[in-house]
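A quick write-up on the structure given underneath.
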Amino acid sequence: MTTYAFAAVLFTLGIAGMALLPNLLRKLLAMNVMQVAVIVFFVSLAFKDGATVPILGQGGDPQAAEFMNPLPHTLMLTAIVVSVSTTGLALGLLVRIRSRFETLNERQLLDKLR
Amino acid sequence: MAEGHLISIGLLAAMVVSAACALAVKDLLTAAALFGAFSFLTATWFALLGAVDVAFTEACVGGALTTILFVSTAFRTSRRFD
Amino acid sequence: MGAPRHGGTRMRWLLGAAAFPALFLGLVLGMAELPEFGDPGSPASTHVSPRFIEDAAAETGAANMVTAVLADYRGYDTLGETAVIFAAGLGCLVILAAAGGRPNPPAPGMSHPFGSVILDTATRILVPVVLLFAVYVLIHGHISPGGGFQGGVLFGSGLIMMRLVWGPAHEGGTHRPDVTAFGPSLRGSLILACAGILGYAGIGLAAMAFGGEFLNYGTLPLGSDPAHVRELATLGIEAAVFLTVAGTVGVLFDTISIGMRESGVPLGSDRGPRE
Amino acid sequence: MTEIVSLRPLLAVGAGLAVVLPILLSGRRPALREGWTFLAGAVQLGAALSMLPAALAGAAHVSPALPLLPGMPLQFRADPLGLLFLTLSSILWLATSSYSVGYLRSLGLKHQTGYFAAFAAAVAAAAGVALAANLLTFLIAYEVLTLATWPLVVHKRTSGVLGSGRSYLAYTLIAGQLLLGAVVWAGTLAPGAQFTPGGFLAGAASDGVLRVLFVLLLVGVGSKAAVFPLHGWLPAAMVAPTPVSALLHAVAVVKAGAFGVLRLTGWVFGPDLMHDLGLSLPLALLAAGTILMASLRALGEDHFKRRLAYSTISQLSYIVLGGAIGTPLALAGAAFHIVAHGFLKITLFFCAGSVYAATGREHISQLGGLGRAMPFTFAAFGVGALGMAGVPLLPGFISKWNLALGALDDHQVWVVAVLVLSGLLNLAYYLPILRVAVFEPGDRRDVGEPSAWLVAPPVFAALAAIVLGLNPDAGARFWSLAESAAQSVAAHAPEFLTGGLP
Amino acid sequence: MRDVLPGLLVALPLVGAALVPLLAALFRRTTRAAALALHAAIFAAALGLFWSAAVAGPIRYAVGGWPGPWGIELWFDGLSTLIAVLVAGMACFASFAQTFGPDPDRTAPGSTPLREGLLRGALLLLVGGLLGIVATRDVFNLFVFLEISSLAAYTLVASGGGRSTVAAFRYLLAGTAAGSLYLFGVGFLYALTGTLNMDDLAARLPSVEADAALTVAVVLIAVGLSIKAALFPLHGWLPDTYVYTPTPAAGFIAAVMAKVSAYALLRLLGEVLAGTDAGAVVLEIMIWLGVAGVVAGGVLAVAQRAVTRMLAWSSISAMGMILIGVGMGSALAITGALFHMAAHALAKGCLFFGAGGIRALEDGDEVDRWAGLGSRAPWTLAALTVAGLSMIGIPPTAGFFSKYYLLSASITAGGPAGIAAFAAIILSSLLATVYFLRVLEAAWFRAPAEAERASSAAPAGPVLPRPLALPVVGLALLIVLTGIFARPFERHVLPDWETGTARIAAEAP
């Protein structure tokens, strides 16, 4: 349960950072923390006591209890790629915003936007 | 697995601390460095939990690539958060 | 998110002070009732995943169960994943590079090579190793940890290392020796990324051409033993993903850090807004 | 009521719609454009008359049901009441179209193509309202009518006109939305919501729900029928050119509202349910109040067309009154009054239009001496005014007489008093107009009868009114239609009705 | 036919998204024809699926040959094929409109063949993402395609340059937060049931006793998808995004983007999580949020001076109405919600193409920019009028019938929520009347502003360039046709929905 709690802490930290930090780049960092939190949660679901890494050794008949659950790992590979893609696109946007408006502070940007 | 459990809690605590610092600090390069640390700590924790594929991906995709992009954005914009 | 007027920062912190602890409490309360951490009898460990563990090797020929699930059982997910990273590459191109009109601001540090001797020789030794390791990670994707994504990123980071140390491939002014010419231009990276997606979807459509469902490798005529056929197809999938990821990492780095433009010439020495 | 499935109802409704596009396309050739309008009018009248014998024999032409919503098809039925309104509006459409040709030409107004297209759409919508077989079709035709008449009301496009156009829309569209809500509600209470003589909501829900539903439906149709609190838009809509006012008052819009009230009281709730719920008396009182209030307001009005507008508000409430009382005679009187008021009011409006076209004067005080200059126009005006007051030998008398008898059947003596009083008030505000026009001196040097297009329609309407006054069953047998409509409602409420037909 | 089309529907957009930029990069010529051909093929596939689902019943398609909870399944019943047809159809119009270049912000980047190819690729990617969401039967796969469509949408929004990049960034933040919330919810569901397949989930969920965890899962999923569907009070990102997006993309995004998320919400909360009592409570709350959204959207739309911003707020009101339909859950309500999705998509797409084009050519977004346009381009303005009337809900347009379904659903539902919904829908029609007729009155009956008329003879010539005028007129025709021929809509969507929920109930152990 404590492992899940850490995921919740990171998630709340991330979402709070996104909403409250004034600078867009720091919001992006907070967004990454939030996405990593979800990945931590899924990986902690996959853990089995007394199980090893989900890669088959020298053959033999694999038993379900001996290996970790591979499904969350697969899902989290996708989640990591999604988080990197969003961050990449967001950074591209920020470079463009910075060059156009000379600031990355949300409050000043909103004034310029109206 | 009691002692493994202890290390995992320790790593998780370190992750939370580094994430909090990354968000709190004012200078972009320091934030990027702290975020890199956070990613690599997460990768180690994944490896600890047996998620080797995820650890590998998190290390190079999340840790290296994202940090490089953040640092290069620092050069494109300005080091201080305004 | 929808930030109210700037006068509302006090209100925003107030809102935050109330909402986020509530979110955290809700999550923790919910988590209390989830199956215990590491419990082998939890629904997640007993319902769907046992088949992946026990039959992955027999059905798909992949020792690494994660790659088996990634490329075969849930291959459609991975196609979506590749499309996601392709979308990021496309986005950065549209926003930063392929724009006529006003050029982006000059990039101070990144677009000029460092050019110190130590870095130069270190890169000469390291880059080939990194690229080779990337290809190794791709080939052994279904046996050891790794696969298309990790290989692609490693290959991309090799390119980045060269860009960092020797400057962009098409140095406007003086041309460094052919070494700097290595590595795709912006247009080349885009073509690489497109090729990856087309390869992946092509394999899927080929499966349909031979009568199976989309991405059902069993029907492909690559040999008699079905597990072996699927193993080969997985390799094909991983290679396609490798191309897309490598291309996109190239695009991301070039557009964001160097500010390379559509014409492949770095911004610093850009000749006028639009040729 | 046996039903004959045929395409004639669709033909009657479709004639107007089908002609809208050709009118829009033949903008450059006015003659062809008018030709389309008259063709549609003729087709509509022909279809109406062809369905007449069947309706009188107790059978109704029904169009095949176009399934639109679960259990609520788009369907038209030519029952006696519907046919009465359809025939009236097609005859008056022909008259108003010919009048419009003269009026628009003489004043040289712009956007004539849009005018005639909207006119055709409005009359087609009115036909849809007349022949609607269920509440959904009624609602659809009702909304299309609102939209079709909006461009006509704001025809002059000046900012003042746009303002009154907005108020017209505000009233009618808000009422339309409430009607939408009410129709949906009724549709769920009684699936199909078909108009059935004697009402289909008896026992469909608790009394409280039915009362709220009745109020919603009444507001929906009442706003178009200009019942007291909702009449504000009608005087404001006088900014429209006169033929449009004629359309609004006599041919389509307000008539659709009054017709809707009759449908509501006779074919949705039915007289006996109205009495059980105790709704008849308040509605009757509301109608009576409107009659008297509007007549008093008309007395004080010097603007010619606005006085006619207030007279319309009061005259329409006769129909609402008849619907409220619910006895067969009262219903027949109310139904016939639709026709009577149609012919009489259109005469008055044509005269007002001719005066404006010939002299540009809009106020009654300026009419001095025109009586002799425009003899035919003011003769027709005289016939119209007397008819309105309910003088015998004119159609107004027949409807008021039957209304009074119907009220007595239901022992409502006070209604008779209201009718008499309003008759006197009519005289009080119409005769001064004649007196000013005929006896008061005024410069009438270069004033003469306007073109034939502008004189013929009022004279024709006046003559038709006189013929109708003498023999109500002349021509399109309006009286027998009204009587059989009332009869069909009465047949379903035997225990309530005591008096028989004369 | 039935086993080829599903694969094609999901594969073609992704192949197109890679092919079109490739052609642009290699041959540096315009890729208009290729993109249009691809969109037409996708539309044909969607139509074929709609036809075969209607005739021969729903199609279950196991991608990769692995059935049931192990592999990922696609599910095509009347519901999902209808939305697929809507998305693919609107995409054809958007692709045609993409040849229209000018962007609202003068500093927007100029167009080069490569950029045009990339933008067409982004549109194809967006369509692929949306079709993926509509077709999938797997909750995690839904997340992946949600992200694909979002990323493509951010690109299209940001392609306007200048202010649209800021709007795109705020949209990105909201969208990613929504995605992560949804993924967290999926994590909870996976922990409780061990499966990701919707049918399997629906079967196993009722037997789960962990109520608190289930409630958290339902709330996380509901909040996540509500942000994506811009449902009140989580709609913050929508107005700026719709206003600053370049016209061709704005028409498509405004028309279908939020609706597909609402469809996902309907699928998950209405069908999969309907068995749980937490799901029922959330649905009840959603009715009240819908009512609030309908009223707030309407009132704020009236308060706007700029036409496109007014349209954005009216979208929020319409999404509120769809939420009411989803919340009520009765078969009639769901049909009403779906019909309103279709009607609103067509009308909003048409209006955005029109308003965006007028904003670009008349160089201004206020209502009086529309003065006197009726005389200059009667047919284009007639089409926009039809779309406006459909938004108000005047018969015979489709908007009237969808409102009719929703009204009768809220009356039959009864209770305080039903009455509130009934009143809200009536009020929203009134508000729509005010803000739409204000524009139409200016267009038809008000002469152009004096200054303009004095400076130049009323600038003749079409109000909209051809790549925008054609979609506008085409969509208007579709609005009227959908209105009149509502029967197929009811005959196909309704039974599938009932059998769907009934089948899941039957499968429960």
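Labels A, B, C, D and E are assigned to the chains in the order they are written; within every chain, residues are numbered from 1.
Following the convention adopted for this analysis, contacts are C-beta pairs under 8 Å (C-beta built on N, C-alpha and C of every residue); 3 or more make two chains touch, one makes a residue touch a chain.
Computed from a predicted model, the values in this text were never measured in an experiment.
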{"item": "Between chain A and chain C, the fewest steps along chains that touch one another", "value": "1"}
{"item": "For chain C and chain E, chains touching each", "value": "A"}
{"item": "Top chain pair, ranked by how many C-beta pairs fall in contact", "value": "C-E"}
{"item": "Chain of greatest Cα-centre distance to chain D", "value": "B"}
{"item": "Mean-CA-position distance for chain E and chain A (Å)", "value": "28"}
{"item": "Centre distance in Å when chain A and chain B are each reduced to the mean of their C-alpha atoms", "value": "11"}
{"item": "Averaged-CA centre spacing for the pair chain D and chain C, given as whole angstrom", "value": "73"}
{"item": "Centroid spacing, where centroids are CA-atom means, of chain D and chain E in whole angstrom", "value": "44"}
{"item": "Multi-partner residues of chain A (each touching 2 or more other chains)", "value": "2-3, 9, 11, 14-15, 18, 44-47, 49-51, 53-55, 71-73, 75, 77-78, 81-82, 84-86, 88-89, 91, 93-96, 98"}
{"item": "Multi-chain contact sites of chain B, meaning residues that touch two or more partners", "value": "1, 52-53, 57, 61, 65, 69, 73, 76"}
{"item": "Multi-partner residues of chain D (at least 2 other chains)", "value": "none"}
{"item": "Chain pairs in mutual contact under the definition given at the outset", "value": "A-B, A-C, A-E, B-C, C-E, D-E"}
{"item": "In the complex, chain A residues that touch chain E", "value": "11, 14-15, 18, 24, 27, 31, 34-35, 37-38, 41-42, 45, 71-72, 75, 78-79, 82, 85-86, 89-90, 93-94, 96-97, 100-101, 109, 113"}
{"item": "Complex interface listing, chain D residues touching chain E", "value": "67-70, 136, 139-140, 143-144, 147, 151, 154, 157, 162, 165-166, 169, 173-174, 177-178, 180-181, 184-185, 187-188"}
{"item": "Residue ranges of chain E in contact with chain C within the complex", "value": "3-4, 6-8, 10-11, 14-15, 17-19, 21-22, 25-26, 61-66, 69-72, 107-112, 114-115, 118-119, 121-122, 125, 128-129, 132, 140-141, 144-145, 147-148, 151-152, 154-155, 158-159, 161, 165, 170, 173-174, 177, 184, 188, 190-196, 204, 210-213, 215-217, 219, 227, 234-237"}
{"item": "Partner chain B, residues of chain C touching it in the complex", "value": "38, 64, 66-67, 105, 107-110, 145-147, 149-150, 153-154, 156-157, 160, 249, 252-253, 256-257, 259"}
{"item": "Contact footprint of chain C on chain B as seen in their complex", "value": "1, 52-53, 55-57, 60-61, 64-65, 68-69, 72-73, 75-76"}
